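Shared chain: subunit A. Partners: subunit B in the first complex, subunit C in the second.
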Partner chain A sequence: MGDVAVSMSGSTHPPLRPFGLVLLLGVPALLAGLVNLSMQLPPGQWWHALIQPDATDIAELLVLYSFAPRLVVSLLAGAALGLAGALLQQVLRNPIASPTTLGIEAGANLALGATLVFAPVLIGFGREWVALGGGLLTVTLVLLLSRRSGLAPLVVILAGMVTGLVCAALAALLTLFNSHYLAGLFLWGAGSLSQQDWAVPRELAPRLALMGAAALLLLRPLALLGLEDGAARSLGLSLKVSRFTALAVAVALTGSVVASVGSFGFVGLAAPMLARLGGARRLGTRLLVATLLGAALLCLTDQMVILLSSSSGMLLPTGAVTAMLGGPLLLWMLPRLNLPPHTASGLIAPTAGTGRPFMCLGVLAVVLVIAAVLSASLGPGLEGWSIAAPGDPVWSLRLPRILAAIAGGTLLAVAGGILQRVTGNPLASPEVLGVSAGAAGGLVVALFVFDTIDRSGQTLAAMAGASLALVVILALARASKGSPERVILAGIAIGALLDSLVSILMASGDPRAMRLFNWMTGSTYGIDAASAASSLAAAGLVLAALPLVARWLEILPLGDASARALGISSLRSRSLLLALAAITTALATLLVGPLSFVGLIAPPLARLVGLRRPLPELFGAALLGSVIMAVADFIGRSIAFPWQLPAGLVASAIGAPVFLWLLTRKKT
Partner chain B sequence: MTTPSTGTLFELTDTHVSVEGRTLLHPLSLTVPSGKVVGLIGHNGSGKSTLLKLLGRQLDASGGDVRLEGRPLADWSNRAFARRVAYLPQTTPATGGMTGRELIALGRYPWHGALGRITAEDRRKIAEAIELTDTAPFADRLVDTLSGGERQRVWIAMLVAQGAHCLLLDEPTSALDIAHQLEVLELVRSLCRERGTGVVVVLHDVNMAARYCDDIIALHGGRMIARGTPADIVTPHTLREIYGIEMEVIRQENGRQVSVPRL
Partner chain C sequence: MALDFGLAETLIEMGLPPIAVPDPQTWADWVVEPPLPADIVNLGTDREPNLELLAALRPDLIVTTPFLGDITPVLERLAPTRTFSVYAPPPGHLFDRSVTATRELAALVDRESAGEALITRAHMLMEEIRAHIAAVDLTGHSLLIVQFLDARHVRVFGRGSLFGDVLDRCGLRNGWTRPSNYWGFSTVGIEELSQSPTSSLVYLEPIAPDTLATLAASPLWNSLPFVKTGRIYRLPPALMFGMVPSAMRFARQLSRVLGGGPSHG
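Showing the complex of A and B:
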């Protein structure tokens, strides 16, 4: 399965020779390196600098202790990530496994950040051990979560990317609270290769050599792991031992890189994938070519970054750039993958349905009112918890944010429900389709292009971004013939693209970045009564519009052919509904940030409680989404009093596990 | 009620279809009569599904002319067309949490549209469709939990509720066992006989086509190579042209002719 997973059926080009591919990337990397070198030191002095370095010549010192080690580190780190990716793909029989897509990098990064803040002593034992522990924990979690699906490739990746998102969110939270300690974490989390001496390469090289040797020893068992479990076992292989060892080697490779230079998203995905596409069919060749390609790829990117920063003066973290290049790569790859479809039974399992949807909606509404009232009246203060009666001044402080949270939850849930029905994809939602990311991107651009921007301007920018993301993603969905999981992965890739954009902005040190960051995590803190009221009104309007499109929402999930046969112009109905979803998402994103999973989980939860038909399902989802956001707001306000956690971030911490549970839930 | 008419339903003049430089259907001229069961047969990739999609407006012709009841297809509005012609795709999509009755009720969309009221007429047609297709036992069950044959009946019931003059069915029996194949085709033919509904059906099995169709169109490589009554088509010579292998025609005890490949 693993070997046939990438099919190039769509292409008529003859496969490139695998080592030719290495040259194809390596030669430009070499050339760029030479150009950079000659800019720092005239070619005439090279030989001299190598044989008899002159300790008083700054240019020679810079080349010897900054440029050269950086070059070596980029080669080493790239090679390690390439090898790690190739190992992961083989062990999991999954052509899109990689340190990034399994959340290993994000997990290692979070472990490092958390250790720095809470137990700096541990760092003394060696950063790579901390990173290794974090990486292992993450990958174990991901595999446990997807175990029920029999480690179906798409489910593993979904679980991995969602876990990675949560780890990134938690790391963001740490940064929010400890910006003094962790100012450097951003740059480092985004992967920076700049060096001051030979310490890092001296550290990395022996470790990587060790892991490389381990991979070599694992070659034969790994080749068997590419087969079906049964076949491998019948050939006398202890599956557990060899699988675990190989995973550990891959995580250790990633961990060493993350600990010493940070994360370089997608190098570990791109290198083995290119090796495969280049025709490296046998496992040994593939591991070797992936290692070489990883080195060439990262080196090329890094030299380009140096070239760019020396010509424009911009300081770009190389890791953010690889993530930016990796996003489109994943998008390009998805339609070409030949993955077995997996039906997410927990999300679409037909439920018997309740005979009394009104009763069900009533109960949910009561729950929402209770949650809102409790949240408004309860809260920790300086003298411990207290209850405030209605009319108490704290109500006027708490109520706007509770209402804003409810409006945000409603809007996201409705957007999710509409997208799930229009795309016929039970996994669709504004968050995972990259629509929220698009809205955020629109806002980021507006924030940096215009110095001051009022709320209506923000709304417009967010809407433009959301619509653009939606158009792109649907075009891609069409290209990949609409397999649900692929569309989601495409959306996540778009989200990663945005993340890297934000990392680059953050690393630039612009003061607007912190404000942006605050908002990106979805804080309801600054909401005033007027904007809360207008958001609530917008949510009400959207709910009122739903009955007008209910019949479309019932027919469109049956697919284009059926819709057309019933006389629906699918272009018109779809565009209208998608525009509605984009507007709704943009409004919600302004309120609670792009990073909650409410739009993803509220509609399936509504179906789970027995609301089947479009209208009850959407109204139920809206109520559930509101409850989740209201609770998230309450938790964020009180759990770390006197500090505030952003509601969006708390919601994602609640939502991600629920989603993973739904994804792997067994059919009853 | 629709009155059985004997006129022409579809009329194709030099119609051809090509997608991305590949010709799926060479210029073709034919007429499809109303009130009859017309079978489309041919090898895989012969263009039979393409022809059916063309008739159902699921696919646009690259050139030539297609008319329904004398009017070019493009002149029909979406819903007006859907009131005349109902189409069943080859693989019916998953229906999520929909019950049989809810699915059948969707057939009324061309009549009431997105916002129109659901009238007594709509309800009567739905009840009638359920009765005609014998799907009452499945009406309150989730469609996705039905067996293949039951599900196909429910989908056909939806097409019946649509009240169209013509049903286009793309291999409605492909995933069914032999007993259910007979059952579904029996249903299709009785709809035609009792209500005068025209049917164009793509079938894989030439014997099924011969048993249930009044008129058979045989395609090969995107061209029509034979057309006629079952008796005209089920001859060793024509079958060899259609499928490219030697076939034998055997007489069953009940007098019907069946063909089998010469083994």
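Showing the complex of A and C:
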């Protein structure tokens, strides 16, 4: 693996340039802060408020105990995350590593949520220890999972993202059943910086200082880590110890921020990234600049949030807003990143399949039918489990959701299969590429802009969102000459944008947000027979269209030259296929939510059972996806009766481990 | 069968308790009175009531809210279904809407007289409390009605919220004047509460166990005008998204704590 370098269009930079970048962000942050402050208190009283506050003047007390600590916390938390991100990027030699992309924040958050619900006593020992434990567990898992690939950046980030998503899904489950006690967790998970005293800064400052000192001590060994493994080893360096120490420092920094104020997605990614782009080449400079930039970035965002909140009266969680700003930032940077070539995860082999595809598909179809019939006839009720014969009234309630789950599974699996073929990347899928997130985003916007919106309106909104996401991704893919890493990163960025949008809505406390949340977790609940039937028909149509595009799917992975030689316009066929994938994803997202991993795992599973040519693979994936969703729906419906778990969430609980297992296999 | 606590409490008060509600275990945390029938069936979550169970119970009537608008077509196939839009856009006066909804509900279940009696009881109660408030010389007194989300954030109930309407009727004043959402509340940081310096604070249970201790250690909290002068009242739960019975319960509790003098914690 080569050294990871990030360059900005070639030119060399004077050494002061990175600090200029700090000023560029820091000065507006300062100005915004001054504007906010002067709105709260006339400038003449500022000094007085900080030194000798008048205990009867609420404005002075607000400045002393709310505004000032909030400003300090935003600086400290931003600095901590910036430093953590820079350390992680250096240790893993991965320019897109960060507390967010490695799942550390999500892991710490889940640990806190779970402790709050199951063992509140432990919280007494200190929230930061719980968060630290959660973060360490997550990062260990991520590294173990990606160990086989030699910690290739893309594989690490994918493992991190997926682990992060699983943690978020589990935290979502906690929330579904404990919404009252976790109401505060929503706010805090979304990163609210509001303060009432100096306790948090008093907590954070010494920790940051301690970790900063540790980073300083690690500077030399870390700088050597930037060299080739071989070179570093020949210098007699214990790679493992310094790597682990630096990793622990980064996790501790993240953990203390998450424990005291919550998650601030992307600050830890953006700050070190900006530092590199600004030309901070030496490690020491980079760590310092990343720390400063993190502080400036979070402070600027937070001051803007204060400005906005005071004018709109809406409570905006700063963490969600950072993610909202961080997403586009990441998108903007992607074409400027210089990642090592993609090797480890392996392209889809264009070899012909062996075995008998019809047999295989037949068996899968039988399994699906059995699963569907069992699910329709079995279920718990008032007097325990019972079997219902076809025609029983409960069939009319169960069938629509089973059919919707099957349609959703089919559509996602087909979309995933197409995307994997077209991008030549076995890790592509509607979930990872942000197409699902785009569809969900379109729907979210529509739900909140229009008070009432019917199903066809929802479909249109979801399709618009999915297409928009796909267009953005394609534009990026073109700008980066189709490199799959960038495409996937663009997907992460779009997914984060959506998450932040949803967090903001959730934090507003609007009860509609809870419903949205329900849908986001992929509930097949309440689908009526007509919608289920039309979804199934749509899935059937998509399957029927597959033979028309099978040739393209076979030839495109061979490369543009081969495609041209065979008389296929790769641009046109690729665009059509991607459009098909977008429509398919939009339909599926409406049914089973944006997060199920079915699109990710069904195609590789189909290849695993020996279906290697495009058409059998896609049909096999469709069947497998259907089975997974049907089973997930059954489990969700019956495991906690009369409570119900959303099928999408159950599917992701099944799918994520499968995906991680696939990821650790050498080749699919 | 009622899919909403506000509708359920109204039905109970009219002497026609529902056979099933979603999540009855939380009734004691949020609604308390009137008590639920002991044999009430749990329908699961209020966002996704279990349809199979619902169908198996063969209800004569399902009353629901726009909150469950997505499944109304399914419900309509299972039993006669009626939707009541109290908590729906646009923001409005929620007590007035509750009264209207109570009349409609009473007509629907042939309990017009019981419905009218409930409304009259509510109006009389508010008049009584208004007189009581005047007697203890609190008329025009300004209050902030909040519910703690954690030690840093509250839901504050604004003008037109169910509780805000009760304040108006009892001769009290709502200290929170900024616009609210159609559920009648805004989510804000506690420091925002300082913008109404003359108000007393009324907070509703349930409250997380560590919140008060955290607040007691907070200098900003301690500097808020109502904290310094001890004008804080703790109120047992009353459903903030309820209907007429919740408004009555809130009014009774409020009059009890106000009349009995300020109390801490």
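Please note the rule applied: the second predicted complex is superposed on the first by the 606 of 668 C-alpha atoms of A that agree within 3 Å, B and C clash if a C-alpha of one lies under 4 Å from a C-alpha of the other, contacts with A are read in each partner's own complex, and residues count from 1 in each chain.
To be clear about the criterion, a residue touches a chain if its C-beta (ideal position, glycine included) is under 8 Å from a C-beta of that chain, and two chains touch if they have at least 3 such contacts.
Values in this document were obtained by computation on a predicted structure and should not be read as measured data.
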First, second, both or neither for A:G424, with subunit B first and subunit C second: first
First, second, both or neither for A:G381, with subunit B first and subunit C second: second
First, second, both or neither for A:R551, with subunit B first and subunit C second: first
First (subunit B), second (subunit C), both or neither touched by A:R612: first
First (subunit B), second (subunit C), both or neither touched by A:F266: neither
Subunit B versus subunit C as contact partner of A:F659, first or second or both or neither: neither
Partner chain in contact with A:R564 - subunit B first, subunit C second, else both or neither: first
Winner by number of subunit A residues touched, once subunit B and subunit C are compared: C
Partner subunit B, residues of subunit A touching it in the complex: 348, 350-353, 424, 548-549, 551-552, 554-555, 557-559, 561-562, 564-569, 573, 607, 612-613
Subunit C-facing residues of subunit A, complex: 55, 58, 61-62, 65-66, 176, 180-181, 183-184, 187-188, 192, 194-197, 199, 313, 315, 379, 381-382, 393-394, 396-398, 451-452, 507-512, 514-515, 518, 523, 525-526, 528, 641-644
List of subunit B residues in touch with subunit A within their complex: 56-58, 77-83, 85-89, 92-99, 102, 106-107, 109-110, 113-115, 142, 144-145, 162
Contacting residues of subunit C [partner subunit A, same complex]: 26, 29, 41-45, 47-48, 50-53, 55-57, 67, 69-71, 73-74, 77, 87, 89, 149-153, 155, 178-179, 181, 183, 185-191, 194, 197, 206, 208, 217-221, 223-225, 241
